[in-house]
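The data blocks that follow each hold one structure.
In the two assemblies presented below, subunit A is common to both, partnered first by subunit B and then by subunit C.
This part shows the complex of A and B:
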């Protein structure tokens, strides 16, 4: 009995860790969706690029200094953050500005093509061999009662919580955050109030590139082997966002965590007891998506939109 | 009331059909590797059939499908299982399998009644993943991810084996598909589709039964994809789930967009353009790129496709067919071309 309980507890903790990554990715494209109504299909690949860039910085610093220390990882993280800010700005320039007046569908397809391009470019530059990212926390674990938790999972959960709190404060208590909220509410009115919405849009893209990079940096050690298929993992954040209610930031977080827990439990305990779950546990997110859309299309926290002609 | 398509020039259509049927002979005359060209053209033909259906669904009705490879897979596997394991004759399977895929389209179309836009794209994408997994799971019938060998098609006692025979089989259906696609697009159904795309509320207010027409769009699209699937399975003689990837679904959308959405000829042009580019142009530069980067061929392919789609969306959103229309208008009005109209 305690075996089952402890296994279950571990799965829930590691599910929450995976879910916080989904939540961060979902947070990234929810911000873009709220501001510009564009669904950014490239979010998962942004995450992949972030993970690769961080890996590149870490391995360069390590080959220069030799001994891994906390500073190496901090400086590499800082470099990746600077890179992601520049990359977000670049994305705003090549996607958002030229397609300002284009139909939403075209913009979405542009992000999709960008996802393909990024994946191909990274695969070409980094080569076909999977990389092994180095975790700053090693593979230690701690035991609380009967549950064994890896430090990596704990650090992911903690970083995700800190990030969400920081973003919450930026959104609600800074001038730019409030301007962002106003823009997503009504761009025209925001512009009339003197908000520079071009800059706001650029800021939104920068923010989502930043979140994607951070989630990539957090996720990379967890999946052990880093290759370009990590971008597909980002697609699973869509079911998470839909589950929470598309376009709702608390929804993205809650949906992500729930989906992560569902996935790890079905991978662990459930697949030991039910043979058929083994067959579907890598696509369970999509079953969740379809079920949510059939039963409650607005998700848990979504607001029903009134259709207008 | 006569509709505007009655005034269209149609005299070139028989010429085009004759050209299509003479093309293999011309290729044989001018090139040694004509078998490879035929193989490429066959693939393009299958994608044309599918993309005409996809265009009716995504271009005309505005219901984005990011899971059309799943339709192709269902068609291919249905026909392969029916012909090889249940002993159904190919000619019957050619009719039955598309209908089954059409009914499958119904199932996917069902959520489309409640959701729209990008949600639908996501749902169809999810269906793509699910279908692929289900096909792998039914190992007794499909041999899982190992793939399935498929017999050559037999029509009226004649076994269609060579690339040349396949070419004629496929392109007969391509021409039929284009004609039927054009008829649907210009009929009441097609106009209703476009009305739904432009404004669901306005269409509903004008007496268009939304759910009925959306389901119909999925059914028709499934029929086309089913035909493409049957032809794909039996002419390529080997199918595996690796082929029906999410990337293939994205490539289908790229083909439709590059050709020009909501025009049947656009879907045809786009499929031809992308497939020819992929098989004739990419191998030329592949070696050069592989000298610079240590990479796989698939990456170069997706890089080029992605770049093409991106450039088309930004600079030529109406696609290849739109380019052709602009050129035609330009020459018609030749000395008096207000430049602004063409930018």
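This part shows the complex of A and C:
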């Protein structure tokens, strides 16, 4: 019995770590959707670009300084953050502004195209060979009782929680955040009220690129080999965002963690004791998603919007 | 009388070989056009870039020496993104539009399985499919007579690993982590044969291609109290599984099939990868056999970028040698049939890159043995003879 409990505890912690990865990506989806009602299908690929850029900075600094140190990773992270701010601005300039008055469907298609273009460009620039990212935390892990967790996983969980708190605060308690919500509700009325919606849109894309870069930096060493297919993880995080309630910031982390825990437990304890679970591992998360949406169509934390005609 | 004379003349011309036969597609006096379908932009694009580069290096070397019977080899490459449907479209284009003489490599078990009907329909040979799957040398399957496999099948590799484990410890509790696709299915075939042979049950855990987290599976291996674990993965999977196991203080002997022979597995896994043993079906690219020596010389001669040099690039080079030998043996009057006959004349042919290869009408398997390569102090060390 103790074995089962310890296994279960380990799986829940591991699931939370996996779920936090989904949460970080889902947070990026949520940001853009919350302010512009656009689903950015390039979010996973934004994360991939962030991971590549950070790898470039880390390896450049390492080739100059030799031994990896905390400073190397800090400076590389800072450079990557600066890059993501500029890249977010650039994306706003090439995607959002030209399509400002276009139907949302067109903007969504543009994000899909952007994802393909980014994947192709990174493959052209970085070459076909997969990269081997170095973890700033090494292979260190912490043992709490019978549960083991790597420092990298802990940092992913902590980042997800901190970012969710920061962005929740920004969106709900700052002037800019409320302006973002107003812009999402009715861009024309918001503009008439004096809200600089161009700046708001640019800010949202910057936030989104920033979250993507941070998640890319943390995730790259965890997946051992970095290649452009990392962007496809965005598709796994998408159901997390829907489950939590698309557009809800706390929903992103709750949805991510629920899916992460379900995935780990079904691959672990459930598969171990019930052979048939192995056959349906891939669809269990989708079953849960459909079940939740049947009861709460807007997701766990989604707010029902009623549009009056 | 005139008619009879005319008929006799025609028969005479046929008999003396003066009538020109319809040329084989893809063959001119100066060129042999071959087709290759790789993953250039999908999940295995790394291999898609490296493997054909190794083959082209050898073709360039042969072309520089005057080609095969005076014909230079030119390879056209299409992209299937590791998608079997796209592989069918790509191979149709190569065979019907570009009129290639034969197909070479084609990466991936599922894409290779998907193109069997078009190979059979057009009578196009496929030399050295770039997959270890044992199904490639199954002559009872469609187009089996047209496919010449070079690598030891995944099923054989898995069986040999179980033999090795049971020989070391007859009480071993064995586990398997496999990719849930054609690759994994072929490994399962070998494992099930080994289970019957030794009367044991292997604990099986699967994962989807592209998975990044293996905690659930690793926990199950731990719960099973296993002494030996075989990972039928590529590169990321063994690295992450071994690191996860090490963090949980779970230290069975780890083994790998097929692509896990990649030296990066041990390097990236660090201390967790120490002792990891993988199956190898060709001479090591950095060994002292004549094939690897020639390989390294050519890499230098043709200025191959450093990141390309290694296992997969060498594999492209080694399989190209098999094709070129087949073309050589087919003779000056090259046809698809003469290529098949040329290849089926291999009798313990020593290329210097693979162990001796024999092909005949009843055997298109190529290499059927492996040697075991273990990570020791961060280096790959050969720890066994060739095991059959």
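Definition applied: the second predicted complex is superposed on the first by the 280 of 309 C-alpha atoms of A that agree within 3 Å, B and C clash if a C-alpha of one lies under 4 Å from a C-alpha of the other, contacts with A are read in each partner's own complex, and residues count from 1 in each chain.
Following the convention adopted for this analysis, a residue touches a chain if its C-beta (ideal position, glycine included) is under 8 Å from a C-beta of that chain, and two chains touch if they have at least 3 such contacts.
As the structure is a computational prediction, the values presented were derived from the model and not from experiment.
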item	value
Touching partner for A:120 - first (subunit B), second (subunit C), both, neither	both
Touching partner for A:227 - first (subunit B), second (subunit C), both, neither	second
Contacts of A:268 with subunit B and subunit C, given as first, second, both or neither	second
Subunit B versus subunit C as contact partner of A:248, first or second or both or neither	neither
Which of subunit B and subunit C A:280 touches, first, second, both or neither	first
Partner chain(s) touched by A:54 [first = subunit B, second = subunit C, both, neither]	neither
Which of subunit B and subunit C A:148 touches, first, second, both or neither	second
Partner chain in contact with A:130 - subunit B first, subunit C second, else both or neither	second
Subunit B versus subunit C as contact partner of A:11, first or second or both or neither	second
Residues of subunit A contacting subunit B in one complex and subunit C in the other	119-120, 123, 127-128, 232, 282
Contacting residues of subunit C [partner subunit A, same complex]	41-43, 45-46, 48-50, 205-208, 210, 212-213, 215-217, 219-220, 222-224, 235-236, 239-240, 243, 246-249, 264, 267-268, 270-272, 307-308
In the complex, subunit B residues that touch subunit A	62, 64, 111, 114-115, 117-119, 121-123, 125-127, 129-130, 133, 137, 199-202, 246-247, 250, 253-254, 257, 289, 293-296, 299-300, 302-303, 305-307, 309-310, 313-314, 317
Interface residues, subunit A side, partner subunit C - complex	3, 7, 10-11, 14-15, 18, 119-120, 123, 127-130, 132, 139, 141, 148, 150, 219, 222-225, 227-229, 232-233, 263-269, 271-272, 278, 281-282
Residues of subunit A touching subunit B in the complex	39, 98-99, 102, 104-106, 108-110, 112-117, 119-121, 123-125, 127-128, 232, 235, 238-239, 242, 246, 279-280, 282-283, 285-287, 289-290, 293-294, 297, 307-309
